[in-house]
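Take a look at the structure set out below.
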Amino acid sequence: MWPDSEVDAVVIAAPARFHADLAVAAARAGKHIFCEKPMALSLADADRVIDTARAAGVVLQVGFNRRFAPDWVAARVLVEDGRVGTPRLLRSLTRDPGGFDPARVAPGTIFLETLIHDFDTLRFLNPGSEVTHVHAFADALVEPAWRDQGLLGTAVVTARFGNGAVGTAEACFEASYGYDVRGEVLGSGGMVTMGDGRRTGMTFPGPAGRLVDTARGDQELFAGAYVAELAAFTGAVRTGSPSTVTGEDARAALAVALAAAESARTGRVVEVAK
Amino acid sequence: MWPDSEVDAVVIAAPARFHADLAVAAARAGKHIFCEKPMALSLADADRVIDTARAAGVVLQVGFNRRFAPDWVAARVLVEDGRVGTPRLLRSLTRDPGGFDPARVAPGTIFLETLIHDFDTLRFLNPGSEVTHVHAFADALVEPAWRDQGLLGTAVVTARFGNGAVGTAEACFEASYGYDVRGEVLGSGGMVTMGDGRRTGMTFPGPAGRLVDTARGDQELFAGAYVAELAAFTGAVRTGSPSTVTGEDARAALAVALAAAESARTGRVVEVAK
Amino acid sequence: MWPDSEVDAVVIAAPARFHADLAVAAARAGKHIFCEKPMALSLADADRVIDTARAAGVVLQVGFNRRFAPDWVAARVLVEDGRVGTPRLLRSLTRDPGGFDPARVAPGTIFLETLIHDFDTLRFLNPGSEVTHVHAFADALVEPAWRDQGLLGTAVVTARFGNGAVGTAEACFEASYGYDVRGEVLGSGGMVTMGDGRRTGMTFPGPAGRLVDTARGDQELFAGAYVAELAAFTGAVRTGSPSTVTGEDARAALAVALAAAESARTGRVVEVAK
Amino acid sequence: MWPDSEVDAVVIAAPARFHADLAVAAARAGKHIFCEKPMALSLADADRVIDTARAAGVVLQVGFNRRFAPDWVAARVLVEDGRVGTPRLLRSLTRDPGGFDPARVAPGTIFLETLIHDFDTLRFLNPGSEVTHVHAFADALVEPAWRDQGLLGTAVVTARFGNGAVGTAEACFEASYGYDVRGEVLGSGGMVTMGDGRRTGMTFPGPAGRLVDTARGDQELFAGAYVAELAAFTGAVRTGSPSTVTGEDARAALAVALAAAESARTGRVVEVAK
C-alpha cells in the first residue's frame, strides 16, 4: 500500500519491536523516515536500518524530541558556544505521571523506551565524547508486584564518558505531580539547567501556599518540540539536507541502554558496545 | 478591491488612526473583522464600528492578544472559578525593549496604543465591574527631549472600579532587559500572577551569577497568543459563534485610555465616560 | 525610672500616638533612641523629636526595618552602583495576612503605619530625589463594614518624584497567602526586584501542583532585618557614628503619608509638604 | 589545659585525622562534644568515640549542619508527615566554589569530607532505612594534574537503600558560580526539593538578561545552620536531652563513604559495612 508513489515519507510510531523492520521496509521503498525512539532494540537491527537508509538515500530522523524543546536547544547553544566549558557532570531525568499498563512494560522498557531519551540528552550535551561504561540500580518501586516479573519502574544509571565526564540518567514511572523531564550540565565554565516543569508562568498564592502552574502530561511540556521535530524532518526532506538526529545517534543511545539493562541484571559496571 | 467575493474576513493592522474607517468599510462590505487595538481613537468612532458590524452581522474581534496568552488564560480561569475571590487590587504593566521612533509617537500613544492592553487586562481579570475613575502620572523619562513635544514614554495609571477594586496600569517605552508584560490580581481568596518573562525554562549559573533565559521581544513572549487569537477569530467566523473579544471590550478600554490621557494632561482624577 | 544612669538607650515600640512624646522625653534624658515607625503623626511633632535629639546629641534611629532586609540591601547596592541607572518607575507594597482588630485601626492607619514603610522604601531606592505630589485611591474592601467609620483596608498611592520618577505604594490588610512585602525599581539601566515571599528555598510538587514554601508572618520574612536594625543602632551608639535611618527620613516618609491620606479624603492630587 | 573544670563542652574542628582521638580524650575528661564531620576516618575509630562518649555520659553531636538548614528542615517535616510518601529516588549534591589546595586533599577526601554530608542527607531524608550497596564513578576533572596522585575532584555515587530507594550523591570541587548544595526526594506522594542557591530574593534583569542573586560561599548559604546546630548542641548540654545528630549517624555516613571510596578504586559495587 504505502509504496504508493504519492507518499514521500513515513512516520513510524508503532510499538518499539516493529520499528526496525518498518524502517527497513520504508527505506527499501524509497521513503524518507521519521522513526520514533527506540529505532531498534538491538545493535544489529540498528545497523540494518542505518545501512538500508543510507543505501536508499533517504532521510532518517529519530524521535528524540527533547533536542527540539526550547530549554534543551538553549542549553546546547551555551555548550557549543563554550560558555559552559568542558562538561564534567551531567544529569537527565524522566518521570512519568503514572498509570502504566504492565501489559505494555517489558523488563527492558525503562532503559530502551524511557531512559533512551536521557541517554540521548546526555550525548547531546556532551558532544564529541561517548559513554564508555555504565552502572545501573533499578527496582520495581512503583508496583512492587511487578518485581516477580522483572518489570522495573525506577532506575538510576550512571554513565562515564570518554572525556571523564559522568552523567546520571534517572527514571521513574510515577510522579504524583505530573510528567517531569529535567536536566543539567556542570562544566568548567558554568552550569546550565533545563526543564522547569511549568505549564504556564502563572502562579497562585493562596491559603495553601504558593502554587506554581505545572504540567501534568507530556503534551503540555513538549507540544512545541513535537511540532518542531517534524518540521525539521519535512525541512530535511524538502531541501535534501541531512537529518539532525541520525540513525547513528539512535544507535549510540541504544548501546548505552542495552549496557544499562545488563548492569541492572548483573549488578556490575558494563562497558558500552562500540 | 477587497469587496472581492472570495474574501470572507479581513485583518486590520494599519496605523491606529485608520482602524475605525477601515473596520466600518469592511463591515459594510460584509467582511468579518479582526482589528488590531485600538479599534478606534474616539468613542464616537468606536460606536460607529460596533453599530456597523452589528448591522452587517459580521464577526468583530479586537487584537487584545494577552487574553490568549497561557498565563492570562490560566489566571482568568482561577478568577472565574472563584479561587481568587473578589478582586481587590490588580496590576498590569507593559514595558517595551526601546528604540521607539518619535515620529511614530503622538501625545496619546502611551495610553491609546500601549496601556490600552493593560486596561483591557484589568477588565478581563475583574469581570462584571467597570472602571469609573482614573488618575495618571506620566512623563518623558525615556527621552527627555520628547517632553517639549508632549510625547510621553512613561506612565502610571490607577483605575478605580465600580466594585471598589483598584487597578494599576504601568507602561514604559524602554526596558533594558527586553519586553516585559506582567500582571497580578489580589482577591479575597488569593493572588494570581501572570508573566514571568522567560523565553525558555533554561538557566545559566556562571561566573556572573545565575542568568535566567528571558525574552527580548514580543514575538518571544506572545507568538502563541498571536496564533491563538487568530485561530479564535477564524473559528468564530466558521462556526458563527460570537467573538470573545468584542467591540464593546475595545470601547470600554478606549474610554479608560481617553480618561487617563486627560488625567495626565490636567493632573486631576477623571471620570470614565459611559 | 528610665533616667536611670545605667540605661544608655531606649527602644520605643508603644502605640504610634505616643512615639513623639516618648522620644522627646528620652532625648531630654540623654538616652539614645530607636523609635518604631511612625516616629510622629504630625510634621510639627517630627520636627520636635529631631530638634530635641540633635540638641541632646543622642543617636536617633527609626524602625524602617526593610532597609536592613537582604533583598533591599542588595537592591540599594545596585542602585548606588549605577547598574540600575536613573530610576523611572518604582513599586513597593505591603500586604498583611489579615485578622486586624478594628479597634486598633484609625482612618489614617493604612497610610501612617503601613504604607509609611513603602514610602520610605521608595525614597531609599530613588536616593537624592523627593516625592513632590501624591494621589491615592483607598477603600474598606477587606471589611466593608468599616467603611462607615472611615477605616481603610486597601490603598494604592502613586507618588511623583522631583526627578520625574513615579512610585506606586500599595497596601492591603488581608492576603490569604500570608504577609507579602515586595518591590521593584525600573531604571534606565535595568530593573531590580525585592521580596520573593519565600520562607525557605524548599518546594513541594505534589498532586495539587508545585507548592513553594512561603512565609505567613512578618517574623518569617524579616527576623534577620529586625536583628540587623538593632545591631546597627547599638553599633551607632557604641561608636558614635551617625544613624543610617534618621529622623529626617522619618519626617520625609510622614510627609508623604499625610499627603496620601489627604488625597484619599479629597480625591485630589496633593502636594507633599516641605 | 582543657580538663579545666570551667569547661563543660568542646567543639572539635581540627583536621579530620585528629577528630577521633580528640573526641575520645574529651569524653574521658567528661566534656560534651560537638565534633565536625567526619567524626572518624575508620569504623573502629567511630566505635571508639561512640563507646567512650556513652560511657562518660556526655553529649556527642556531629557537624552535619544541613540538618539545621531551613530547606532541609522543611523537607524532613514533609517526609515525616508522610506527604512525600515512601522515598524512591533521592539526590544530594555538593559543589564547592573551587580554589582547593592539593596539599589539603587526600585520595579519600571527596568521599570522607565532602560527600559525607550528602550521605548523611540521604539518610536524613529516607529515615528508617540504610544504604546497603554503593557504586562510584570518580575522577580528577577539576585538576587533571591531580590524577597521578590519586586525588579526586569529581564523583558521583549511587546508593541503594534497604527499602529499594536509590540515592545519588554528587560532588565537584569547582563550580564557577559558587557553592552549590541541593537535594531532592521523589516519593510515592510527591517530591520535595532543597537548595535554591539564592543569597537573597533579589533579581536584576538588565542588558545581559535576568540575574538571580546567588550565594558564592558556604557562609552565605549556611550561616544560619551553623548557628542553629551549635544552639541545638548547647541546648542538649543544658537540658541533658539527647543529641539529634548522633555518633551513630556519623558512623553510618562514614560506612557509606568508605564503601564509595572502595568502589571508586575497584570499579565494583561495594556492600556497605554494618
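Chains here go by letter, A, B, C and D, matching the order in which they are written, and residues are numbered from 1 within each.
Simple rule for what comes next: a residue touches a chain if its C-beta (ideal position, glycine included) is under 8 Å from a C-beta of that chain, and two chains touch if they have at least 3 such contacts.
Nothing here was measured: the structure is a model prediction, and the numbers come from that model.
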Give me the chains shared as neighbours by chain C and chain D. A, B
Superposition rotation for chain A onto chain D, Cα-based, multiple of 5°: 180
What's the farthest chain from chain D if centres are computed as the mean of the Cα atoms? B
Round to the nearest whole Å and give the separation of the Cα centres of chain B and chain C. 33
Inter-chain centre distance, chain A versus chain C - centres from mean C-alpha coordinates, in Å: 53
Between chain A and chain B, what distance separates the C-alpha centroids? Give it in angstrom. 41
Can you list the residues of chain A that touch 2 or more other chains? 175-177, 180, 189-191, 197, 203, 205-207, 213
Across the complex, what residues on chain C touch chain B? 85-86, 88-89, 95, 133, 135, 137, 139, 141-142, 154-156, 158, 160, 164-166, 168, 170, 172, 174-177, 180, 186, 188-191, 267-269
Looking at the complex, which residues from chain D come into contact with chain C? 70-71, 73-75, 78, 83-84, 189-207, 213
List of chain D residues in touch with chain B within their complex: 175-178, 180, 197, 203, 205-214
